[in-house]
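Look for chain A in each of the two complexes below; its partner is chain B in the first and chain C in the second.
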Partner chain A sequence: MTATTSTVARQHRSTSLRRWVQRHGWTVGIWVLLFVLVAWYATLIPRFGGFQTATIISGGTAWIFLGIAQAVVVIAGGLDLGVGGLLVLTSVTAAQLMDGQPLGMVLVIAIGIVLAAAILNGFVGWIISVSKVPDIVVTLGSLYVYQGFALMVLPKVGGGTNGSFRWIFTGSENGIGANPWPSIVVIAIPVIIVAWWMGRTKSGLSLYAVGSDAPAAFLSGVRDTRTKVVSFAVAGVFAALAGFSSVSISGVGNPTTEGGNLTLNSVAAVVIGGVVLTGGIGSVIAVVPAALILFFFNPILSALGVDPNRAQVIQGILIVFVMMIAGLLEWRRMRRS
Partner chain B sequence: MNDVSRTDPQGGTNESTPEKQSYARRLADRPQLVLVAVLIALILVTGMVEPNYLSLTGLKNSLVWAIPIGILAAGQTILMLTGGIDLSIAMIATASAYIAANQSANGAVFAIVVGLLVGLIAGTLNGLGVGVFRVNALIMTMAMAGILLGLFTGWATTIFAGSTRMHDFVRTLGGGSFFDRKVPWAAVIWAGVAVLVILLLRKTGFGRNLYALGDNAVASRLSGIRAWQVLVVAYAISGILGSVAGLIVGGRVGSVDLQLVGFLLLPSVAAAVIGGTSIFGGVGTYTGTILGALILGVLQSLLTFLGAGQAVQQVLYGSIVIGLSWMYTRIASSQ
Partner chain C sequence: MSNPQQPLVSTEAIAKSYGPVVALRSVDLAVEPGEIHALLGANGAGKSTLVKILSGVIQPDAGAVDIHGEPASFTFPNDATAAGIATVFQDPALISDLSLDQNLTISGLHRTDIEPWLERMELADFDFGLLARDVPLATRRLIDLARALAHDPQLLMLDEITAALTPEQAALVFDVMRAWKRMGRSVLFISHRLGEVLDICDTATILRNGQDVASFSLHGVDEAELVAAMLGSELAAVTPPADSESPQLVSSVTEQSDIVLKAVDLHFREKVKGVSFDLRRGEVLGVTALEGQGQDELFALLSGDHRPTTGEIIVNGDPMSAKSPYDAIRKGLVLVPGDRQLALFPQRSVRENLAIPLYNRVSRWFKLQRNESELVGTAIERLDIDTRAASQVQRLSGGNRQKVTIGRWLIEDFNVLLCFDPTRGIDIQTKAQIYDILREVAANGAAVLLYSSELREIPLVCDRVLVMYDGEVVHEQAADTATEEILLTAAHGLEAAQQ
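This part shows the complex of A and B:
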């Protein structure tokens, strides 16, 4: 009798463990990979301390924010190729408007830019939802439009921002990190808010509902247009934050940055973070280590003395390799069930 | 012909009764008529902006823009029919042109063959990744673009250091014209590509497999299509088409660098989409894509004549791509 119950209990525990591994295994794996990479990096360079940590984290901030922007849209069943362009647009607008302003004014401008980015990108989401034109096509167009706007705002590299504002994003007034904590805080707050929103609130969960089965979500009363607009607006907010960190690191705005490449990085971060491109599956939290891993390649490979061009080759092969493993895991899970 | 019309929306309403068809409905049956109308309207508008445009030289300028877009978009069309996409096609084109220029000392034929080989290899690898290893097409081809860029940036100063000038024969093919400099050679190449691609999609079993795979992957597997073989061949074809476009652009410019064709990636996707190819697969024709490429070519001339700076050009270009595909979707779905 007791023996049976304990077997049942054990069985129960083992299935719940398996479920936990299935649900969070990828996320944990990505974090472990990140820490292994950091530990490896620490043995590669002569001195590893606050400065190196700060450089990596502040450098990765823009990648993380842009990855999260993409993740929110992808989880809701979409794809936003325009986020890279929006990063460029918000960063040059920030550089143009914030140049020489006191901190208070800079913060007001920052809030204005975040709101404008949310409205602009929300409008893109609205167009997709109303026109029924695929996401890829509309956001391909918005990518062009954003890059064009960026050139209008700031025709060539220039502008600037307040030192204290740069400190918020990089931990130093001249962009070369000394103190990792400001970057960590500036990443953690929006990430925790958006993770809470997507996991605990009705409007956040509706992104998962639409992403996993749009007709079913519609039939159960989720408003599809609103969900689309909201997901794109949130992506706009995070693209703006990414724009701010990019200005904070370089200190200037550069309208000729290729937004398309930045978008592709964000898609890669999303995929490595375990968010499924068909929507409905994944978490924004896992995108943080994924984006850091992607960013982290360059310092590691340069510490290894690898030529940066070869580093790009290795990065490409690694992304494909990770995707192959993900595909294999998916295939095994399909076969078992 | 009949077999294709079943899978594309243009001919999908054969059961319609002879009673009066509304104007909108007839348009919905033939959405490509709208594209022709848009093309003519754009040409006329451009003619109003710059009266000299309505001449052979003016139209030739637009055509020269449309040719590489149209060839790259042929690759995108083939892949989009399967539900895929090739984001590496512009980089493949650049790499092919780079190698061809580098090898031009060994003769034109060798240079062209080596250039096409780049597309074949890169395309086949894409196909293996997508077809056999089930890597998402966006990720696979994006990674391939990164890998090629990395490889060639490294090789540009080592094994491929040297000439970046195209062989004269390739320059003629890419930029030269005949019949009193009226017809560009590249247009002949595009016409050849167009005939081959249209025949491939309409008349061959492989073409039907492409439509079937994109329309319903499970059903096509159950009916015996080996998806991975179809995909490997499709991506290889796309790679070769990329090489052809690369050689044409390289020949027109005369010398090569690693940014040669990159700017045509998004137009190549846009041309296929404007032409009515669904990015989700199963629906589309190359004739539509050709119209899309021509529209983009005329648009480029219009933007140039308007004297708009790069900024305004990009904003207009993006808005027009969204607007045209919106219009096309509305018309095609109004049936």
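This part shows the complex of A and C:
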């Protein structure tokens, strides 16, 4: 066995690059796919420049944040159907409270909403952990509750926010512009923070540990309830960020948005991003391009002149197709080992 | 606070039950500072339960744990670690989807904390970027140990750490344990290998049926004495019940009977290492072993759940190559698994559960045969299944559930009934009924391969018995002369002194 060990050490040095590609292959692949699609899209439409880029990225920001909210929960072995409802609730709350306020006040309100969303969704996680009722049941409940709260906060479309706040999320004070950089920064900062947290710190890695092997994680000193609460609280934070992007794009709060559809988009982003639905495997970094690709489907299909009604069918088939490729790769990996 | 006169860790009348099953009745254990203390006992004696209580994984129903004479109570594994007790559990606790570095991070450690210990175990220059799933099991066990040591515990608990190790690696672990002891720390050591217990340990506490029955210094003790202590004097005197209680034990098997199942040099990974045997029509062949000696994998091979690495399974002269249990069932090898929950559809009725094998015929004939309910009715009667709660199998008692799992095969034709510990956790009366059923199955011309962890039931049911140790059959003999002492000695991998 000592022979095995030294072989292992030698292999390490010669194959660390191959290992990195193997381990992050899906992430790399999905980013490449995004850029290929963008390049292809550029040839399909007459003009492609900063405006189109900015539209895709700022429009996709909410999808990205919601995908990451879902990914954090799924990696920890859970599922949160409520994130879409929480997006609606936080967006209408923001529209209601931020309307007519100066930027400083708006930022204070934003921080307050983020914290409240974290606490509220963390409480949902706590209920799941303590009651042992399956995630899918409790969060179906939280989805309806959030949606109902949203109607109480803002009964019909209305409210608004500060122009500078909209610029942070969209690169433009009125939601339409040609500057993609603010959106890129506002996506990159939280994503990098959460990726670092999940890959390097004790509390972040605990999410992977519980999602991968809950009994072994418990024996290693990971507390299951705490981990569940933390994963749902972080999902709450990202759902609130998604809510802010949504308000910033449209400029108003809309309590009649279907949170359930948004949740299903987030699950699709997680799946395409290579996060395994049973937990423990995946990366939030890959969910970013996955969510953008999903958002991007419709412009591409309409550029191709596909009937919007058929577009949905194609989108559905593509999701299943991507998953079958993932399944095939996983099956080959299992056979080799 | 720390009183040198006090034991390092002691328990008083610790008790723990899981529903109706009593795991620990009352255990007093005292581990002194600077000693290596062995915890011994047969399967199900309660060793692992005690370890789990001392490590904060589960909480006792009654009793107290003291550290240096001060009461201690643990709600989480972290509490025990903080109190100076670190554990290497029987099952590896590394998360297989995470790298070793990440695994250390979740226990609040860094690779530099465990590297000195790994070097002592000849794992220098180790690659911590590997995923735990890609590291060999033995290495994972050593990392588990290094991780426990890095918490710098007063008491180190090792539950079957040597089971997955080579003798050379085990020797390295013993060196580490001795070094730990020289530092004035203590080790609680659990192993089925009595030789290494005598080599390394200073004292031993013996558990039997959830109670501590003896605690003594190991100085000058030999293996035979340890086995005797585990059996207990009163048990060694018990003889198998008189023949009147088991009238079926008139064996119908002879040298001329056909061989229905022949295992030829079966290997499976490192778990089954060259198992061969013949099973004849009308025979009940017993298999016994301590936990984790390859018996689970052997039954998985025979029932078609795993495929052997090498070797052959021959059924009625034809080699079987089963891709799934379906193929094995078609060949007439049917399994009553150790975990009854695996075999039953708990929310369905007794009749449906019994009729499951018949549904294979539905696909062939598009309807059930007319006599289905007749067959099921006969089985219920024959097995004496309590049908008051027949609408849902989950409401039945454990014994009745087990009768359903066996009964389902009785209405199908089969060649070999593979029974994995069918009487575990079942009352005595039902046990006797199950023995009768198994003998009847054999008398009617089928064969039975029966794994039992209860040594005393071997002579009651079996014609012949195989004892497995470390993936091999180490002992074979006629069951009627197989005393508990012979079987337990063989099960520990020791030479049977006399037969």
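Observations
We take it that the second predicted complex is superposed on the first by the 319 of 337 C-alpha atoms of A that agree within 3 Å, B and C clash if a C-alpha of one lies under 4 Å from a C-alpha of the other, contacts with A are read in each partner's own complex, and residues count from 1 in each chain.
The working rule: a residue touches a chain if its C-beta (ideal position, glycine included) is under 8 Å from a C-beta of that chain, and two chains touch if they have at least 3 such contacts.
Source: prediction; values computed, not measured.
Within the superposed three-chain model, A:Val133 lies in touch with chain B and out of touch with chain C [touch as defined at top]. Counting the residues of chain A that each partner touches, chain B and chain C differ, and the larger count belongs to B.
When the two structures are aligned on the shared chain, A:Arg332 is found in touch with neither chain B nor chain C.
Within the superposed three-chain model, A:Gly141 lies in touch with chain B and out of touch with chain C [touch as defined at top]. Contacts of A:Lys156 after superposition on the shared chain: neither chain B nor chain C is touched. Contacts of A:Arg18 after superposition on the shared chain: neither chain B nor chain C is touched. Shared-chain residue A:Asn309: touches chain B; no touch with chain C. Annotation: chain A has no residue touching chain B in one complex and chain C in the other.
Residues 127, 131-134, 136-138, 140-152, 155, 260, 264, 267-268, 271, 277, 307, 309-317, 319-320, 323-324, 327, 330-331 of chain A touch chain B in their complex.
The touching residues of chain A, counted against chain C in their complex, run 1-2, 4-6, 8-9, 11-12, 16, 19, 23, 199-202, 205-206, 208-209, 212-213, 215-223, 280-281, 337. Here chain B touches chain A in the complex through residues 85, 87, 129, 133-136, 138-140, 142-147, 149-151, 153-154, 265-266, 269-270, 273, 278-280, 309-319, 321-322, 325-326, 329-330, 333, going by the rule given at the top. Across the complex, chain C meets chain A through its residues 57, 76-78, 81, 87, 89, 91-98, 102-103, 105-108, 122-123, 125-127, 129-131, 133-136, 138-139, 166, 168-169.
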